[in-house]
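Two complexes are shown next, each including subunit A; its partner changes from subunit B in the first to subunit C in the second.
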Partner chain A sequence: MTSESEPEKTFMGVDRTKIPWWPRIDYDRCDGCGGEYDCLKFCPHHVYRPLENPTRIEVENPYNCVVFCKACQKMCPQDAISFPEKSEILRLIKAERARG
Partner chain B sequence: MADEQRPGFIMCVCTGKCPGFEKMDIWDFINRVRIELPVEYGIIHPQLCEEDGDRYLEHVLKNGPPIVVGGCAPRMQRKLFRDAFAKKGLDVERDLIPIDIRDMTTDEAVNKVIDVLKENGPYDE
Partner chain C sequence: MVKLYVLPCAGYDRPGGAITRAVAERIAAEDEEVTIGSVASLSAERPGEMRSLLSSPVIVIDGCSMNCARKIAETRGARNVQTVDVTQHTDPQDPEEKRVEAVIKVVREILRESRERPASPKRETTATTAAPEAGAPEENDLSIRVDKFTMTVRRGYHYSDNDFWVSVEGDLVRVGATDVLQQMVSDIYYVELEEVGKTVELGDDAGRLESTKTAMEIIIPISGTIVECNERLVDSPELINESPYDEGWLYVMRPTDLTELELLKNAEEYLEYAAAKARKELERQTSGGGDS
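After this line comes the complex of A and B, so read on.
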């Protein structure tokens, strides 16, 4: 089920594009679930794009990713998805907000 | 639904930034659910799948009524809340009633909750 509208532009009062939160793919592990692309099917926010020959996944819209959501990481059968440290992202958010 | 069986209702809104809930007024929705429908309570949680969401679920699950979560797809909910339920000796397949209410109007979402409540036990109009 997908939504066409743009995601909100801020998170915790900070411009979303200033928050480096999106999934990182370990291409030694990612095999695109043999063409099933579980993460692509799982994430309703159009973060991912499927690649072929060989099948694997790519982050197409990093800022569509919901900050601190790791749902796809829990779904990935190959443990190929990781996210930044929450504490580090929180530090950046606070610093960005302080900059005003 | 007799009082002791009434489920608790939690709406999960994916930080409130998810476009999946833009077609509805989440406040109209939760007010109708908690006031009009036979539920023990109705609340909105911003991100149940995050650490504080786990802690909240563990806290709420201590008291025992079945939990209805209106939010993302049931498959996602079962995967995301499995650990919090298991920690309380509960099973998401049995003790969680997940409903996908994304991309719905307020009326559509309320009607879907009514249908699911009816499917899961006696329902007092």
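After this line comes the complex of A and C, so read on.
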């Protein structure tokens, strides 16, 4: 009835679930900001879920992440967040589209 | 027959701004001689828009103390401007509908007066009598209203799913942020741009924006080399809010591969996408207790 999840279903015409873009967390570094979870607080897209004991972050909804967005990376005091290579992703998107 | 030009402000996302838009629409609906003006089109000095502005009495409705609508009307040479300041006629505590009503009353009053007084001596506009043209600036813009957002897209531009636009200008392309992005992030107060000469790929970030709501990277919608930056944004980042498709452009680039345009959406497709996005955003705000 509503089209509420429309924007995330595809990206550039490609099924969103075929695009491996979401934050990768380095668990040697992430400490959940001692319970503050800066990345979680920053991102409005419900990508993250906080874990406790020990505090750290988990990517719960990877496909909610906006392809090519890296905004939360800079929020992380531990530099624990990374993303795939953009050029790889772009190549993949182009290839998917070419396949039709 | 006196045409009247009613100009709501550009602060769509602010409570006052939404009111000015609603008032203009209602007034235009009940009075066929009223033309709704567009701050964005005035910024761009569109011929049809300039003609309407300069040939009619102008009523400006500003939603906040920035008075952006009055300022643009004045800088574009409007005479005979009457200003209605929403903040002076309404109580911000009141529900929006009540505020809209209050402002409509004021505008109706001005309309009546301006009709009773003989219209100012007829002036032929010498300013821009441009090529044959339908007159309405909206011929280039498509809008959709989703609750308090009225989102506009420009026909002929190409749009990325990250909410940036590309317009082809000969061998070069101009890129900018869409009206939709501008409204979602709200007032932009800082823009950092990448340097001329840098080569970027579609999806790369080049520069960033900071607004009262968030900070974000500029995600480039097409691969190429930056040949020009909009230096005016350094001092006037609000141009992105006021005129996203014209004065608020970000870069001019020499594209590496124009076939990438196929990856982008056209105006109609993007409008649909944007509307869905806005609905979602509204849901989030209402369910999450959103912003105040």
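Keep in mind that, in the parts below, the second predicted complex is superposed on the first by the 93 of 100 C-alpha atoms of A that agree within 3 Å, B and C clash if a C-alpha of one lies under 4 Å from a C-alpha of the other, contacts with A are read in each partner's own complex, and residues count from 1 in each chain.
FYI, a contact is a pair of C-beta atoms (placed from the backbone, for glycine too) under 8 Å apart; a residue touches a chain by one contact, two chains touch by 3 or more.
As the structure is a prediction and not an experimental result, all values here were calculated from the model.
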item	value
Which superposed partner A:Cys30 touches (first subunit B, second subunit C, both, neither)	neither
Partner chain in contact with A:Gly13 - subunit B first, subunit C second, else both or neither	second
First (subunit B), second (subunit C), both or neither touched by A:Ile93	second
Which superposed partner A:Ile57 touches (first subunit B, second subunit C, both, neither)	neither
Partner chain in contact with A:Cys39 - subunit B first, subunit C second, else both or neither	neither
Subunit B versus subunit C as contact partner of A:Cys69, first or second or both or neither	both
Set intersection of subunit A contacts, subunit C complex versus subunit B complex	2-7, 11, 44, 66-71, 74, 86
Interface residues, subunit C side, partner subunit A - complex	160-162, 201-205, 214-217, 219, 262-264, 273, 276-277, 279-280, 283-284
Complex contact set, residues of subunit B against subunit A	14-20, 22, 47, 49-51, 72-73, 76, 79-80, 100, 102-103
Sites on subunit A touched by subunit C in the complex	2-7, 11-13, 44, 66-71, 74, 86-87, 89-90, 93-94, 97
Sites on subunit A touched by subunit B in the complex	1-8, 11, 16, 42, 44-45, 66-71, 74-75, 86
